[in-house]
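Listed below are the structures to be examined.
First subunit A sits with subunit B, and in the next complex the same chain sits with subunit C.
The block that comes next holds the complex of A and B.
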């Protein structure tokens, strides 16, 4: 067989590269495209490819949460905000400032620094076996035992964000 | 093979993070800055999930932490967009160089 040398992990790697290229391309479009509306739609594509990466790394629950919460919630919120402010963010107005070159400089410096740290870290990657019963079972157990305090605090934060957002945008009677 | 996979993931998430940094530094529109921040959050999540898969940890901690990050990112987006909308109501602009009410 001509494909006999292709094992499962090579196929996984190929799929990962595919979605990585999609994620990087759509992220680049998010930060460079002229209209913010299109940027928000490319952000949805980016989040979808990140969800696909989560599925590749066996984190299926996280991928579903990503799709539900990010694409279903955050993107809709951002689209609402873009549409509500569309009068001042038309295509004709410049959406980027004049700091392109310094920003590129900062990014390349950070890239060199972090890549140097990564390559000298000597991290060894090896695949750990999947937990029995899948990862989702493990997540539920961890959230209800060790991480129960952060879990409750997160719910309080969400409540605060809900009330805060309502207070901030709610119409005041004048 | 595992090493190559692991390092590729970290380099990809590094590139995504730097794209987010670039967006924060160059966007004028406050909503655009929020979208770049979402890119940075997601690159951190990719990194955590990759560490969970390729480094020996006791339990699936690398999956639990991104859940909190996603929750807080959603809360942050809701409050951030509410702030932007209320600023927009006040000064009729969403561009960050116009938001200079505290500058004297």
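The block that comes next holds the complex of A and C.
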């Protein structure tokens, strides 16, 4: 092979950098563009880049969930809402206000602080050989053993959300 | 003394009896809602109140049990969680009784309302026992999600919707911040449950990443319990929500938030980490801002919201002491706050039902038409202000004592100065009741349920201060076990 001098890890790293830059750029655009519609589309691009990063790091289940739920569900919902409210979709909105410089100052401080603690903490990550069947099988097993209680509580959260949604849109009692 | 238990599921479920009972009650309410004729839906509130009272009795042994983890360290059952579960259940019972007689809630989706209240009670009980970052996040979300709906329950009231939207936006944002901080902890310690994190800390000590993660989580907690400067949502949400929900939000949700805050910091933060100064500054800010802004409020719900913010500042003051005495003072303060606030809100509902207004200037002349009721309210007010012989006094005394004890004399001084400020706006309500030009002409006739709440609250407000030995003993034990179980 001609490309044998490129090892697999380097390619992974390159792809990661590519999607990381894409994610940060589209996230910045979400909060700076003036059209709500464009903002929603950039949000979709951001979520896709994050999904791609999940795939790169072998978290294929998370990647699929990310695409299904966020892009398939949330973004479509946002687009519907934007399109149905014509007053919003046709107008350009200033996303910043007069507080933007103090906010920038605070954010840069936070950025420096977080960068410092992350770089000095010596995070190693958790190297673990993938089990047979990949991460999906692992997640399935964990949900039924160690994380069985949060799994069940999550269903109660959904029940609460269901009743809540009914309250907010339903008719009044007769 | 401690069960260290890789318990099997049936033992875990047995330890969760109170939660399972509440869950069963929620399903019962949902089913009964379908079967009941619309005119008799009010019975659902009574059923739920009675059911939660039964759960309360089943939870009582919980404050004497030994500490132990269940469900693979997801939850902890200990006297501390038992204590807060009792506070949450008691305020839920009070809240359901208040809802019976609050006019805007009449014939307004009673079934759904009751089911949501019972579910949110369950969520807060899980919060009080959560000992895993995942479980903690899930239960906090559970509670927040339902409270968003409850705050906006009066859909045709603009203020209710406004409060709900503000609460929702800031709540969602704070959840994101909370998860962000939690992810740092998981990254630094390599585990999400408190037991494993403690083991990691004992072995390797704390890293800056860990401390920063914990402080970011503190921002998330701060939103939930309305610490200054994360309190912006509270006044609008409190004003817009139906008054029983306001009472519930201000007592139970705050108690659950305090419980997770105390547990997280006690079990994950070694004492040598030196973040106490940050907590002390937040406490001082919270007390001062809450009290100063409350000075100018005329709406009783807004006033109680700001005074509630100030009370959280006092609770934090006690917590900074960090030792057994500090935790004990937090427990007693929360207990005192439960009865005092519930009593005051029951009174506010009685007035609202008569006048349709929450303005304290409309309280003028109350002492002429209802002398006894006015006096009872006066006692709740002096308990809020922290004057003897009321529970609020004992709470404040212990909290400030704990601060002095741990060398935060300046914080105790700020606490005392704030009490003086607070006295002014509580006394202002009393002034309108007793001395202002009368506006109320007719006698208030609070319903039986409201009278019951006021009587029970009044009893405990006086009892806690006059016979404190028993309560001090019990809370001392509760705090001692929490401290020993999480010794870092």
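Keep in mind that, in the parts below, the second predicted complex is superposed on the first by the 148 of 174 C-alpha atoms of A that agree within 3 Å, B and C clash if a C-alpha of one lies under 4 Å from a C-alpha of the other, contacts with A are read in each partner's own complex, and residues count from 1 in each chain.
Everything below uses one rule, namely that contacts are C-beta pairs under 8 Å (C-beta built on N, C-alpha and C of every residue); 3 or more make two chains touch, one makes a residue touch a chain.
Just so you know, these numbers come straight off a predicted model, no measurement behind them.
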On the superposed three-chain arrangement, identify whether subunit B or subunit C touches more subunit A residues. B
I'd like to know which partner A:74 touches here: subunit B for first, subunit C for second, both or neither. first
Touching A:118, do we find subunit B (first), subunit C (second), both, or neither? both
Quick check on the superposed pair: does A:156 touch subunit B, subunit C, both, or neither? Answer first, second, both or neither. second
Touch test for A:148: subunit B only (first), subunit C only (second), both, or neither? second
Looking at the overlay, does A:107 come into contact with subunit B only (first), subunit C only (second), both, or neither? first
Residue overlap on subunit A between the subunit B contact set and the subunit C contact set? 114, 118, 123, 126, 147, 150, 154, 157, 160-161, 164, 166, 168
Going by the contact rule set out above, which residues of subunit A touch subunit B in the complex? 9-10, 12-13, 16-17, 20, 23-24, 27-28, 30-31, 36, 39-40, 43, 46-47, 50, 53-54, 57-59, 61-62, 65-66, 69-70, 73-74, 77-78, 80-82, 84-85, 88-89, 94-97, 99-100, 102-104, 106-107, 110-111, 114-115, 118, 123-128, 131, 135, 138-139, 142-143, 147, 150, 154, 157-158, 160-162, 164-166, 168-169
For subunit A, which residues are in contact with subunit C within the complex? 113-114, 116-118, 120-123, 126, 145-150, 153-154, 156-157, 159-161, 163-164, 166-168, 170, 172-174
Write out the stretch or stretches of subunit C touching subunit A in their complex. 9, 12, 23, 30, 38, 41, 71-72, 74-75, 107-110, 112-113, 115-116, 119-120, 122-123, 126, 132, 134-135, 138-139, 141-142, 145-146, 148-149, 152-153, 155, 184, 187-188, 190, 207-210, 212
Touching residues on subunit B, where the partner in the complex is subunit A: 1-12, 14-16, 18-23, 25-29, 31-32, 34-36, 38-39, 42, 45-46, 49-50, 52-57, 59-61, 63-64, 66-68, 70-79, 81-86, 88, 92-95, 97
